[in-house]
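Letters A, B, C and D mark the chains as written, and numbering starts fresh at 1 in each.
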Amino acid sequence: MSVSQLIEEAYTGLKSLVIGLGVTGKALTQPGVTVLYPMEEVERDNLVTYRGHVELIGKDEDPAVPRCVACGACVKACPSNCITILCPVAAKEGEEAGPVKMGPAPQKGSKTPGEFIVDFSLCSLCGQCAKTCPVDSLQFSDNPYMVSFDRKDFRIDLLARLRRMARDEAVAGE
Amino acid sequence: MNLEQLLSLDYPLTRLVIGLLCIFAFVGLNGLVLVWVERKVAGHCQLRPGPLHVGPHGLLQPLVDAVKLIGKQLVAPFGSDKALFWLAPLLAFAPVTVCMLPLPWGPDMAMIPMNTGLVLILAFSGLGVLSLILAGWGSNNKWGLLGAARSVAQSVAYEVPLLLSVMAVAITAGSLDLFQISAQQGGWPWQWYGVKNPLAFFIFLVCAVAETNRAPFDLPEAESELTAGFHTEYSGMGFGLFFLAEYANMIIVSGVAAALFLGGWQGPFLPGVWWFLVKIYCILFFIIWLRWTYPRVRFDQLLNLSWKWLTPLALLDLALAVIVAGFGG
Amino acid sequence: MIPECVAKLGAACSAPLDHAATGCVASVTLTPETIHDAVAVMDKEGYLLEDVMASDLEEGFEVAYHLSLLDGANRVVLRLTVPHDAPRVPTVSDIYPGADWHERECFDFYGIDFAGHPNLYNLLLPEDFEGHPLIKDAKARKSLADLVPLTYLVDCGLAEPEPEPKAKPKPVAKAAPKDE
Amino acid sequence: MQAFDPTALRGDLASARFEPGPTDDKLILSMGPQHPSTHGVLRIMLELDGEYILRAEPVLGYIHRMHEWMAEQKTYMQFMPNMGRVDYLHAMAWNWAYAGAVERLMGVEVPKRAEYIRVAVTELNRISSHLLWWGAYLLDLGAFTPIMYAFDDREIILDILQAVTGSRLTYSYFTIGGVYGDVPADFASRCLAFTRHLRSRLPMYRDLVTDNVILRGRCEDIGVMDVELARRYGATGPCIRGSGAPVDTRRAEPYGVYNRFDFRIPAYTEGDAMARYMVRMDELVTSCDIIDQAVQGLPEGPIQAKVGKTVKPPKGEACYAVEGARGKIIIHVRSDGGPKPYRVKLRAPGFSNLSVFCDLARGTLLADAVSILGSLDLVIPEIDR
């Protein structure tokens, strides 16, 4: 290798290093791009597209009552068994009318869910439940901020949630 | 001798004790500030804010980190050589204190003025590598061992061009006293040796980065190769001391560079010590900036750079300096 | 369309497949005795060994080697069946070093012994794992005839051609290979 | 305190294959599973002479989840979410490979609009995967800043894909015969804006990293792999394209609507880490070109073919090959006509790419091994499945 080649090599090498410094130096003067989370939040447009845990959709005439017909299709479709739907078990003939027993959906004669619980700690947000629902009663919520110290908090009672949301909406509408 | 005499600054022992106290305070404080600067520069280079929440602009973050480090349990790994293992971080700090002594902070500010200050610094800065070897060897860890081996080879390789580049300046100035060398330069950039002899300055800077084990020459602690190199096994304040020693070493090499190449304390308007600090921090900023820009070099490339490029260049520079000094003087 | 080199493999039977329907162009049935030489031939032809897939059938473990040329849609399946009680297949890792891990994986999941393999021990499973997870219960096993379309079996002489295939007529049933 | 007895340390089968001695120079080193540059939980047993590697052997299985067993326990559609977890960086390609295999088995024709959307999201995902690889590779080489720039750009893709799929990383967007939901109205304009943005960022990438003399020193002539070696090990994707063979499943056996697009397949002949690096950097542009064409030609129409509520393919077997960010993904599905697959085999490109490492690492320095490992672009969950 001749001396001129060596010098050229050293020159291009040093030049690339200086250019590199220029890139980070320029970044040094530019404003940051970080969203400082607790003080700032990502803009709403971005958040609404987020797929949070599933939630029930209320009937058009009564938003506090879900469209759900307790058929159990979503329970079967779920890959991780995170949905539990309980319905009152129809009393057998001849049995005394005791306290209402709850059993997994579908139950004969019950067209509304008695309890609808999603265990979000198991959910993989695949959306199979919403896809299979015959009455379009399930959709994704858009709440990315789910934090808790207790695993139990991720067992979400969707019926209670629907009622709460309907109430909030009614209050907001007034 | 009476108490008055003992408390006078002219008495060497008193001066030494006060000086050491000042050094520890200065190194401790500046170490913290430097950690903050480092993280801030890193943050802004990467388009993020860096530490922000503890204190104004996160200024107290390093302090909190230090408290955390002090609060941590000191763990020595199973099978380690306990004596060497704990000696190493302390030893890492020893050269720092000595090297700080002859730095010229101002025209009449030094812990101990001496006419061979440069020799003292160069001699003791070589001691730092000993602590790395002990740390790597003592911790009974293969990564540590590899890091220690790397640090020795690196230190040996870069000591040579560093010495040669410093010698070029010493010959030009005709002195080994940092005060005299600083005093011979002026307050304006064109009077500095760094401008008069840019090659020596460049070589010194590269070697300084390598000697302080900073990226892109941070091979002894290359975390993506050797997890953390020689300080893999250190926790708590053992790690904290290495960390602090690294920043203290950076301050020293920057101080030497400022004194040798940037006119030391000299500058218009401001008192000397401020100019010296400003120059030190400019060099520190540059070293930090390098770290957040470049990838790490490979070990053989590192040695090649020293032996095949920097050493011949430094020799050439030295010869030139001798000729210029011979004719000009 | 069966590639020409298949003729050199010493195959018990070979059948063309429809790439659009199966992703492969030919299926070649071999025996444990012939597989090593056959793979060596494919290597000379410049084929790339994509994977080694084992599955648990009624007839035994089926081991399928999927090979394709670097370019073009020309995947060839070499398959062989070994009995459940003596699952021994010669290794091809001396021809394709990349087969090493694929064979170890088959050993992990099915316990198939690849004779001559340099380091046949657990790859993906923990070393103290008992058994082989993908082996099915005897009841759950299906015969090869239940898993591949009839036309393929007919081509290989494993079944009689029937005018009416047993499988439910689907609107988009698996058509016979078109590009023979 | 107990005295230290090195003979009391017991390794596993992998480390038992590495014996210390006969000289003191030999160092047996277990790199990983917790090591900064093994990207998760890969472990590599190394036999070192000083810092030179005499022998290297990857030890897998630290994140093995037995996806193939899971497939046999679930219905066809229930297995789809697993695809997002196999290779979390290029989940769309795995989605496509599985959906494609089952569609092939059933003979379903996917509507054109769905095909175009599939192409667009898969290519977006490929860019995000390559960007993350770029950052992580530079991190392996000791540069900290590039990954932040890469994430800055990647964030835009994640926002676009979140608007389409609802998730940001582990997508489960494909269905048998289509896609889960339609794209939002501003999808095309956002994609076009992104490709424009990325093209304008590439010169900065080149200035900061590609041209950097230190990076070139770390990548050039490191881990040289020729086509023959790549073929014998089954290395695909950017690995074999870096060795001079312009092989790409998108071109070789075009799936979906890839044969309608005009794109260049980058290939470099050097076969070293730098060539693999350059291939990936060029693929960013290739993917941008494909995205542009796909979103501009996005036809109207349905996004889902009729397959019925329960997916029940006829008996038979099919495989589907897809060009993932790391190479050729193949999924074999074997059906006995029931609601659950009889056998699903996942062919992970990283699995074969990593197996070349033993060969490439021999005789190199430890730091080179890290560079080679990074240049293979490993995603350990995909390798371990």
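Everything below uses one rule, namely that contacts are C-beta pairs under 8 Å (C-beta built on N, C-alpha and C of every residue); 3 or more make two chains touch, one makes a residue touch a chain.
Being a predicted model, the structure only gives us computed values, none of them experimental.
Student: Please list the single chain whose C-alpha centre lies closest to the global protein C-alpha centre.
Tutor: Closest chain centre to the overall C-alpha centroid: D.
Student: How far is the middle of chain B from the middle of chain C, if each middle is the mean of its Cα atoms, in Å?
Tutor: 65
Student: Quick check: how many Å separate the C-alpha centres of chain B and chain D?
Tutor: 43
Student: Determine the centre-to-centre distance between chain A and chain D, using the mean Cα coordinates as centres, and give it in whole Å.
Tutor: Here the centre of chain D sits 26 Å away from the centre of chain A.
Student: Can you compute the centre-to-centre distance for chain A and chain C, using the mean CA position of each chain? Integer Å is fine.
Tutor: A distance of 42 Å separates the two centres.
Student: Give the residues of chain C that touch two or more other chains, as numbers and ranges in rising order.
Tutor: Correct list: empty.
Student: Provide the list of chain A residues touching at least two other chains, using ranges where the numbers run on.
Tutor: 17, 20, 23-24, 27, 33
Student: Of all the residues in chain B, which ones touch at least 2 other chains?
Tutor: 45-48, 292-294
Student: Can you tell me, using the touch rule above, whether these chains form a line, ring, star, complete graph or other shape?
Tutor: It is other, because the touches fit no line, ring, star or complete pattern.
Student: Following the definition at the start, I'd like every touching pair of chains, please.
Tutor: A-B, A-D, B-D, C-D
Student: Can you check the complex and tell me which residues of chain A touch chain D?
Tutor: Going by the criterion above, the answer is residues 12-14, 16-17, 19-20, 22-24, 27, 33, 46, 49-51, 77-80, 124-128, 131-132, 140.
Student: Where on chain C does chain D make contact in their complex?
Tutor: Against chain D, chain C makes touches at 19-24, 43, 46, 48-51, 53, 55-56, 64, 66, 70-73, 75, 96-98, 100-102, 109, 119, 121-127, 133-134, 136, 142, 146-149, 167-168, 170, 172-175.
Student: Considering only the defined contacts, which chain A positions touch chain B in the complex?
Tutor: For chain A paired with chain B, touching residues are 10, 17, 20-21, 23-25, 27-28, 30-34, 36.
Student: Any idea which chain D residues touch chain B in the complex?
Tutor: On the chain D side, the touching residues are 4, 6, 27, 29, 35-37, 50-51, 138-145, 148-149, 152, 208-209, 212, 214-215, 217-218, 365-368, 370.
Student: Contact residues on chain B for chain D in the complex?
Tutor: 42, 45-48, 78-79, 140, 142-143, 145-146, 149-150, 215-216, 218, 222-227, 291-301
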